[in-house]
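Residue numbering begins at 1 within each chain, and the chains themselves are lettered A, B, C and D in the order written.
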Amino acid sequence: MKKCCFLSVALLIFQLHVNAQPDSRKVINIPGIPGYLTLKCDLHMHTVFSDGNVWPSVRVAEAWQEGLDVIAISDHIEYHPHADDIPVQFGRAYEIAKPHADDMGLLLIKAAEITRQMPPGHFNCLFLEDVAALDQEDFWASIGAAVDQGAYIFWNHPGWRQKDEIPIWFSEHDSLYDLGWMHGMEIVNGGSYYPLAYQWCIEKGITIIGNSDVHNPTGFEYLTGGEETRSLTLVFAREKNIESVREALLAGRTAVWRGDELYGKPACLKAIFDQSVRVISQPVKLKGKGFSYIQVINESDIVFKLKMGEGLKGFGYAPEIVLYPGRIGTMPLQNLTDGKEGQADISIPYTVTNLFTGPEENLSVTLDMQVNFIPED
Amino acid sequence: MKKCCFLSVALLIFQLHVNAQPDSRKVINIPGIPGYLTLKCDLHMHTVFSDGNVWPSVRVAEAWQEGLDVIAISDHIEYHPHADDIPVQFGRAYEIAKPHADDMGLLLIKAAEITRQMPPGHFNCLFLEDVAALDQEDFWASIGAAVDQGAYIFWNHPGWRQKDEIPIWFSEHDSLYDLGWMHGMEIVNGGSYYPLAYQWCIEKGITIIGNSDVHNPTGFEYLTGGEETRSLTLVFAREKNIESVREALLAGRTAVWRGDELYGKPACLKAIFDQSVRVISQPVKLKGKGFSYIQVINESDIVFKLKMGEGLKGFGYAPEIVLYPGRIGTMPLQNLTDGKEGQADISIPYTVTNLFTGPEENLSVTLDMQVNFIPED
Amino acid sequence: MKKCCFLSVALLIFQLHVNAQPDSRKVINIPGIPGYLTLKCDLHMHTVFSDGNVWPSVRVAEAWQEGLDVIAISDHIEYHPHADDIPVQFGRAYEIAKPHADDMGLLLIKAAEITRQMPPGHFNCLFLEDVAALDQEDFWASIGAAVDQGAYIFWNHPGWRQKDEIPIWFSEHDSLYDLGWMHGMEIVNGGSYYPLAYQWCIEKGITIIGNSDVHNPTGFEYLTGGEETRSLTLVFAREKNIESVREALLAGRTAVWRGDELYGKPACLKAIFDQSVRVISQPVKLKGKGFSYIQVINESDIVFKLKMGEGLKGFGYAPEIVLYPGRIGTMPLQNLTDGKEGQADISIPYTVTNLFTGPEENLSVTLDMQVNFIPED
Amino acid sequence: MKKCCFLSVALLIFQLHVNAQPDSRKVINIPGIPGYLTLKCDLHMHTVFSDGNVWPSVRVAEAWQEGLDVIAISDHIEYHPHADDIPVQFGRAYEIAKPHADDMGLLLIKAAEITRQMPPGHFNCLFLEDVAALDQEDFWASIGAAVDQGAYIFWNHPGWRQKDEIPIWFSEHDSLYDLGWMHGMEIVNGGSYYPLAYQWCIEKGITIIGNSDVHNPTGFEYLTGGEETRSLTLVFAREKNIESVREALLAGRTAVWRGDELYGKPACLKAIFDQSVRVISQPVKLKGKGFSYIQVINESDIVFKLKMGEGLKGFGYAPEIVLYPGRIGTMPLQNLTDGKEGQADISIPYTVTNLFTGPEENLSVTLDMQVNFIPED
């Protein structure tokens, strides 16, 4: 559709090359660690310059429309099924997309994907200067060329093509890790999540990463810019620039978002939760052994699914509560003790069942509020 | 469905009477006049105690779920089609709903609808103490009983049952107005809008009101608590309490919301727009006679449909732009003058075609931004 | 909102009492057992005449809008929290709703809910003539009064208020069953599903039932008439009349629908699947050991989630496939055998993981198609 | 996202090149002229081989997902902004897309767009054999090369870049028309509609066409395969093959669909309406001068907006009624005459305000039903 036709009609002044320009951008609300920005990043995607099916500017337009801040186009070094029609040019997708990203205020990271049979598998290299230098027959020569440029390197979809998608850590991965060349690892790739990879990241101090690895238009699977969000890495950066992204990735200040789930260090996830959720109807009045509805606002775009934790005596409260994005939830709270009076601060313990601080561990939080005990008539 | 069954299973401690309690509340974002709250009010609705089809607690639950702050249940004084089953009790809906409204933090106004053939038609009386006192054969006795209680009185759906829904101002309305007994008027009732009523309000200094007048569950027509919003009065009140609502209504600090449209005084609508909309990609760089995309955020839940205004020379800009709720819009801006350099503040004039300061008049606004002119290479 | 105001404006001829009348009705497509109609039934719901919060006509309007064919309003015999305002009248909800149901072409069953502490719990009695006769102090007197009228009796939400919602079969239930007074049992009530109850139904030949048990407007939880469907009983009846519904219930020709899941006898579920699903791109061409996409249409409004079954040798096919309502799904099929030629009929075995022929058993089906084997070039 | 990863896990047998393959296809229900199929066709779209931004296989995948039957990729002959990266190959998009279209059962028409300044503007040529032959400096040489191949030729977006998008008929168009080289004309291109072009088509016997002219992923603007439909040509063809499409286009058996609106000859639109819409609650009972609700089903995916027509005396009926896709609408019907008895067939006249048989003319229809008059008690 000729989206800019109105311009020609009204003004006839623009000599636009019509870029892929959607008409509005989603705003993703995720509060982060105090003092840091929460940058929404997709660091793995493809274009027609490797085995993707869209022109590079489409990746910028999609990212802008979907509310992202940072993307890396990581076309394969070794795989070019469209080469008969599009002669191989390493780094060309970056060149084409860069002016469009600048116009739209997105950060674009120059990147590539080294693509080998497992082991060692596929690796994304970010912050490259010379993509062509990675085009080497030998894997170690290729990854070395990235290292020489100071690249940030992460292992992609470690469970891909393994039985039941369970990743295997080969000796090659030992070598990479020992050399300090495995900075990050995808624990999420598209819809896939690799719990064992998450475990490795925690044990070995590897930064967790989540990406879309999209090849086709993102709109094939959801309304671009609508409610659904692609798998992302949340990067907690000091500023919105390339250097800050690199610093945060190296420092391991990331969380991963996939569907309804968040993965990350307790401090990161706690910061997100605590700045998103708040009891708004304080002080809560409790008359005798009666109950009141407490109201809890969730100001973020992440759903929080709470399950009763342990430790608070003398009160009855909801075993389960879901706090929807941008909405106010409610739950009954009951005093179970006779003769209470006056005011008290209470903290109701909950576990957030969709926030994972480890493959088997969920974030613990409290809902904090002031309570007024009112004597029974 | 037994919404609270989990409580009995897990705790067996609550002795709830299961109220109509939805599980979450929508948050409506509408910034208002600085120094005032924007209260979302529906001041006209019915229950089984007149010709409505729901129990009073449903009105509270719906309002809570839909993000409202203030409601008035205004059952008819004269019309009780369910009387064979439900003996008439004036003000009973208020009594039933009040504890539930208190629990949920909603303001409930005691009210009634005087319901006569046109002329003079139907009138809502708010802030009543004794509803039964309005049960008088004679209209003037009835409205007088409301006046005696210091009621706030507004004329409902003035175009109802008139040809083409165009209202007629009868001598009875002169009398009411001259006596100071017509404080407000519905310019919107459900899906209906009465432009002539709006004109009268402007000319005569009558406060504009918009309500749902809902008789059935609101969910018959839209997902309660979803994206659609019922017709509302926005009241700009000093505080969230009954007295402040009355003060604001008397002072005429209201706007009316129906579907995509807002109606109100220029100062009210301007305040809403100016605090909702902002150019975020400043300074805008314009190279020679090239163009840039400017990005405009709309932080409110109201859509703004802009149409090019007049007065800005030397620039090309979009003839039309729609700013969707909670999203960032974009539009090209072009410099048309040779040899510009340095920095300038510019204001692009637009008309907001869905914000009505009068039946035929739209709000004028500007998009303000700083521009950097960069010489052509 | 004054839904019918346009009539008065345009014609001024109707003297309507404005019923709760939504503007359109959803059509639910579920093919059934050949020779029978699939009636969509909700046999358990409440109004203001017991502890519900809507007027009886709302139940008819909701059912019409949501595409139902049959409803039973089953107000409690023993529980009337609104009695101070609405004097108890047994069967009154039926009287009020009946003319509206007749107008809209819905079948309305006269019913009531006997409501006792567990054991024995709650029981719905359908096809009553005299509801008031059930108002007896003694449970057996009450249920006997229903039996005397030839009522159809089913046990409601057998797991309600039991630990973990797991139902317990008490001696009272033995008595009821032995007397032939437990014709049916709710294995689904609102969002709750009782697998153990389903097991009992299979073992004891009790008809399975699923209902909403709605007390508030159905629109509190989903857009009435939109995509979501309330929990229902599918009744496979010879004709659309009350007598046929009774006959089908007594004969056990039902299935239960809750969210994405269907429960029922193998023959019932198989009939639904086989008439809903069809391979449309036949004959499928398989060249050498290559593969083709087969296309499978699902003409019903039920999703089918298929998981690879066992038994077909020599072919590769999708381990999982989801057939969305009213859409065409696709999956690759590959020939694994050398030298095949000519044509063959094949049946790919699948298990439908969301169709339950028992608490632990899923329906087995086949996707049948004709295949053309084409020699490799 | 690695859509086919499950295959590798489960089978490890497929050596797929992962095409752009969405997981399900929408079914568009539009009944047509008896004896003909209604093929949903988009005959104008672009890929990276001219100024589009997607790989050709994306166009096939989108069309399959969105329920289309026929597409033509019509890359520009004269405009190749990606030529630095993708050497110009006329007809290459067709070659790439063809096997994928064959797999998915879509018809793909070999086509190109001749792209000149206005006059004469842009022209799509369908059913080409040799696209490169159209690459001629002179417009008439280019169009002649298409004619030589027996191409079907239509004028694209005739209002594009004209003042207020109003098309101008130049002498070049006279020449083309007189030579019999203007078989069709786009009266719809993307969101734009050209009423004057429609008028010309009617007067001159030119076939009406509507297309998307999409350059970016269709998912930029709507959920591919969701409820929204792109602008289309409905072709009423004898069979689903290329020859039948050509025959129908030459015979002028088309209609055009844009958003909620349909454009076409009275006979075509009437056939669609009459096979989509039916009164289902017959006979309608009318007691004395009372009223009944009639129920009207719309089995198509097109909305019909009806406005009261003239000619039926003695009855009151709805001035307006909207029949939503796949739903049942309702409206009151009232007898206005005393003393009627027995049975009668009546036809209520309506105008379909969103079905255009000409730029200013709407389709006239009737709702036909049998009525039983029942004497007042």
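By definition in this document, contacts are C-beta pairs under 8 Å (C-beta built on N, C-alpha and C of every residue); 3 or more make two chains touch, one makes a residue touch a chain.
Treat the numbers as computed from the prediction; the structure is a model and nothing was measured.
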Intersection of contact partners for chain A and chain B: none
Intersection of contact partners for chain A and chain D: none
Averaged-CA centre spacing for the pair chain C and chain B, given as whole angstrom: 40
Length of the line joining the C-alpha centres of chain C and chain D, rounded to whole Å: 37
Set of chain C residues in contact with two or more other chains: none
Chain-level touch network, classified as line, ring, star, complete or other: ring
Set of all touching chain pairs, with the criterion as stated earlier: A-B, A-D, B-C, C-D
Touching residues on chain B, where the partner in the complex is chain C: 1-2, 5, 8-9, 12, 17-18, 20, 22, 48-49, 51-55, 57-58, 61-62, 65, 81-82, 85-87, 89, 92, 96, 157, 160-165, 189-192, 212-224, 226, 231
Residue numbers on chain A that touch chain B, as the complex places them: 4, 6-7, 9-11, 13-14, 16, 21, 23-27, 103-105, 225, 281, 291-293, 295, 297, 308, 316, 318-320, 322-324, 326-330, 332, 334, 336
